[in-house]
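What follows are several structures.
Here come two complexes built around subunit A, the first alongside subunit B, the second alongside subunit C.
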Partner chain A sequence: MKLFDYVLSGNCYKIRLLLDFLELSHEKQAVDFFPGREHKSDAFLQINPLGQIPVLEDDGAYIRDAQAILVYLASRYDPTGTWWPINDPSELGRVAQWLAFADSITSTASAARLHDVLGYDLDVAQARAGAHKLFRVLDDHLANQELQGFNWIAGSNPTVADIACFPYVALAGDGGIELFYYPAIQRWIRRFVKLPRFKLMPGINIFD
Partner chain B sequence: MKTSELEAGWFPAGLQNYVLPKTAGRVMIFDNDIALWRGEDGKIRAWENRCPHRGMRLSYGIVRGNTLTCLYHGWTYDGAGACAGIPAHPELTPPKTIRAKAYRAADSGGFIWVANPDETTEAPSIEGDWVPNRSVHIDLAPTSLNELIKGMDAELALKITDRAAVVRVPGVTGEILLAFLNMKEHGAMIHTSIPASASVDAAIAVSKLTGRLRQIFKASSAA
Partner chain C sequence: MTTDNFTQSQWYAIGRLPDFDGVAQKPVRLLSRDLTVSHEAGDLSVKDAEGHSLLTQVRYGHLWTSLSDRPRPLYDMPEFDEPGRRLVTAGGVGVRCSGLRCVENFLDMAHFPFVHTDILGVEEHSSVESYDVNMDAEQDEIWATKCKFFQPMASAAASGGQMTEYKYRVPHPYSTILYKTCPIQEDVWDLVGLFIQPVEEDECIVHSFILVFDDENTDTGLLHFQQNIFLQDRMILENQVPRKLPLDPRWELPTRADASSIAYRRWLKANELQWGVALFNEAA
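This part shows the complex of A and B:
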């Protein structure tokens, strides 16, 4: 199993987190995302015509899209069946509904970070405003989960939904998005970093 | 020149569970940037959010035991704000003049309260056993406690400070401790606590009522 990886990418970090949580042996191939733009090279476009990372190679096939890779890995390699609860349709629905939400976080909070950190030319005010709208929804949800005794997005245990949302929420400060507006999100981040086999990525400076 | 002085009195800086033991967090009180942290002793501390060394936000710091260590160069401060160690000079006993500026801080009614170091009154003491319920960010600060109470369709039961009151909301069982914190250009936070005896349904109801205040106190241009 091989992950096409960039250390500063939150989307690649999602995959690294689940690979570690599931203790799956794998190799990483570094992609020179910045400044090399290797993900837009002819060679890489053969692997992913969308020119995006991460990509996972497993059993001779390439899988693209961070959320799709999470679903694939958890479905195939999680013996507990809890990260992607494939045998419980109602819980699966509760998890799956946050995957598109996570993608929206990428197109807002992550975009603001690309602007601030890597100098991308985009409408950063719009990106930040979009992130705040989503973060309010997430903070509301997590606060009401806590009041019902649930620590995680979909219930009492962490799932692919938490992994998919975590990186660009935790990195939001790099894009000028304040997290002190969202106390329930901050508590969820603290819980996340305490998960067994959790590892930090550069830019997330929360120490247990 | 900014004085880092707060107005007189005690400010509701957040819910008690905003800062868990052995963690640090950040709060704005008007335009004062403040680091809140708890040691393993559970005691809440509020300091100016800048390391005396290079100005790094202390809210990024690491709590070990009952000390706070700056993330930048590792200068470590004891629970009272005195510098207790500088990693680049391990043999040095730090001069007593190196101190983080400490405000007064206390837990009461499920809230963290912060006041100026020379505040002479004690933090509000609220009768009953309260637990944190909800913190919500709003775009525009209420101009007064009355405006906040009106926005929540609540009735005043007991005024605590100019920024906090015990209220009742028709149709909701039990009292609510309601407060707002003006963060100037950052809008405001609304905090609620409820009686420890409240049911989960009541807790959710109050949380949702609090969340609805976003629609009342929003910038006119906001959708």
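This part shows the complex of A and C:
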């Protein structure tokens, strides 16, 4: 199994997290996303015509899209069936719903980070405002979950929904987005970093 | 604040050469001024907002310019001409603090175990042994030598922990270079350095490079190692208050480990640098 990886990418970090959580042996191929834009090179477009990372190669097939890779890895390699709860349709529905939400976080909070850290030319005020709207929704949801005794996005245990949402929320400070006003998000981050085999990525503020 | 003479008279890196490939014009900001880089028939030129042409040179993998008509000469790094070395330029990373803060952080070995845990330091070996700091009066630059630090993974080529010997050089208010023991070849130094582009007094773009002997890692592997380390620093740098460099001794208490930082601040003061410096009464 091989991950086409960029060390500063939150979307690649999602896959690194799940590979570690599931203790799956794998190799990484470093992609020069910045400054080399290798993900837009002809060679890489053969692997993913969308020119995006991460890509996972397993059993001779390429899987693209961070959320899709999470679903694939959890369905295939999680013997506990908890990260992608295939046997519980209502929980599965909630997980899928928050996977889509994670994509919106990428298009806002991650965009602000690309602007501030790597100098991408985009409307950073709009990206930050979009991220704050989503974080308000996530913070309210996490607070409600806590009131019902649930520590995680979809229920009582972490799922791929938590992994999908975690990186660009936790890295928001890199893009000038303060998490100060989101106490439930801060508590969720503190719980997340205590998961067994969790590895920190630079830019994450743990709020301890 | 207008730029002081010392700041104004320097050369500044404003991008890697490949950053200007395929772009006819690219806006850049330097010392609170809007500039435009033009790329015509393979030639790079830089103009200010009034249309005046600025001096340029291509060196160390980057395009450099100056707001001065008679800048101080750009410092020499003869290692760039040595055969067998590999140069990896890591691209510009934006940081919301004075570039002077970035230089000072780079010089500070005491942060290794806590910011670069298990890579450039481990918490059990957090003490900084004393080292020498000298002014090279002829070149007007600072050297910190005989720096020793235990590092679990000093570079991408390191295979295990080692006592790494360091030399630090500050030849320019916004540049600093680290010379460190090469893990695979004796009696040579690997170089890691920062060319900082001061954008505003409290904002900068850090262009970094590594120039090493390494026959094991790919360029992209070296790049990932370097970028990962720098993003660890970035978060610390952005949390410093004030964002400009506090030069007033009333501010932060120096310790022995800060000897190179003290020398750096003293050197900036001696050269009457003011741009990017916090005033004691404005931060309170």
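Observations on the structure shown:
Everything that follows uses one rule, which is that the second predicted complex is superposed on the first by the 205 of 208 C-alpha atoms of A that agree within 3 Å, B and C clash if a C-alpha of one lies under 4 Å from a C-alpha of the other, contacts with A are read in each partner's own complex, and residues count from 1 in each chain.
Keep this in mind: contacts are C-beta pairs under 8 Å (C-beta built on N, C-alpha and C of every residue); 3 or more make two chains touch, one makes a residue touch a chain.
Treat the numbers as computed from the prediction; the structure is a model and nothing was measured.
In the superposition on chain A, contact of A:Asn205 is made with both subunit B and subunit C.
In the superposition on chain A, A:Gly36 makes contact with subunit C only, not with subunit B.
Shared-chain residue A:Phe180: touches subunit B; no touch with subunit C. By the touch criterion defined above, A:Asn144 reaches subunit B but does not reach subunit C. In the superposed model, A:Val7 makes contact with subunit C only, not with subunit B.
Within the superposed three-chain model, A:Asp88 lies out of touch with both subunit B and subunit C [touch as defined at top]. Judged by the touch definition given at the top, the superposed model places A:Asp123 against neither subunit B nor subunit C. Comparing the two complexes, residues 205 of subunit A contact subunit B in one case and subunit C in the other. The residues of subunit A lying in touch with subunit C in their complex are 6-8, 30-32, 34-36, 38, 116-119, 173-174, 176, 202-205. In the complex of the two chains, the subunit B residues touching subunit A come out as 14-15, 17-18, 20, 23, 25-28, 60, 62, 71, 133-135, 137, 186-187, 189, 200, 203-204, 207-208, 211, 214.
Residues of subunit C that touch subunit A in their complex: 16, 18-19, 89-94, 96, 205, 218-221, 223-224, 227-228, 231-232, 234-235, 238.
The touching residues of subunit A, counted against subunit B in their complex, run 136, 140, 143-144, 147-149, 178, 180-184, 186-187, 190, 205, 207.
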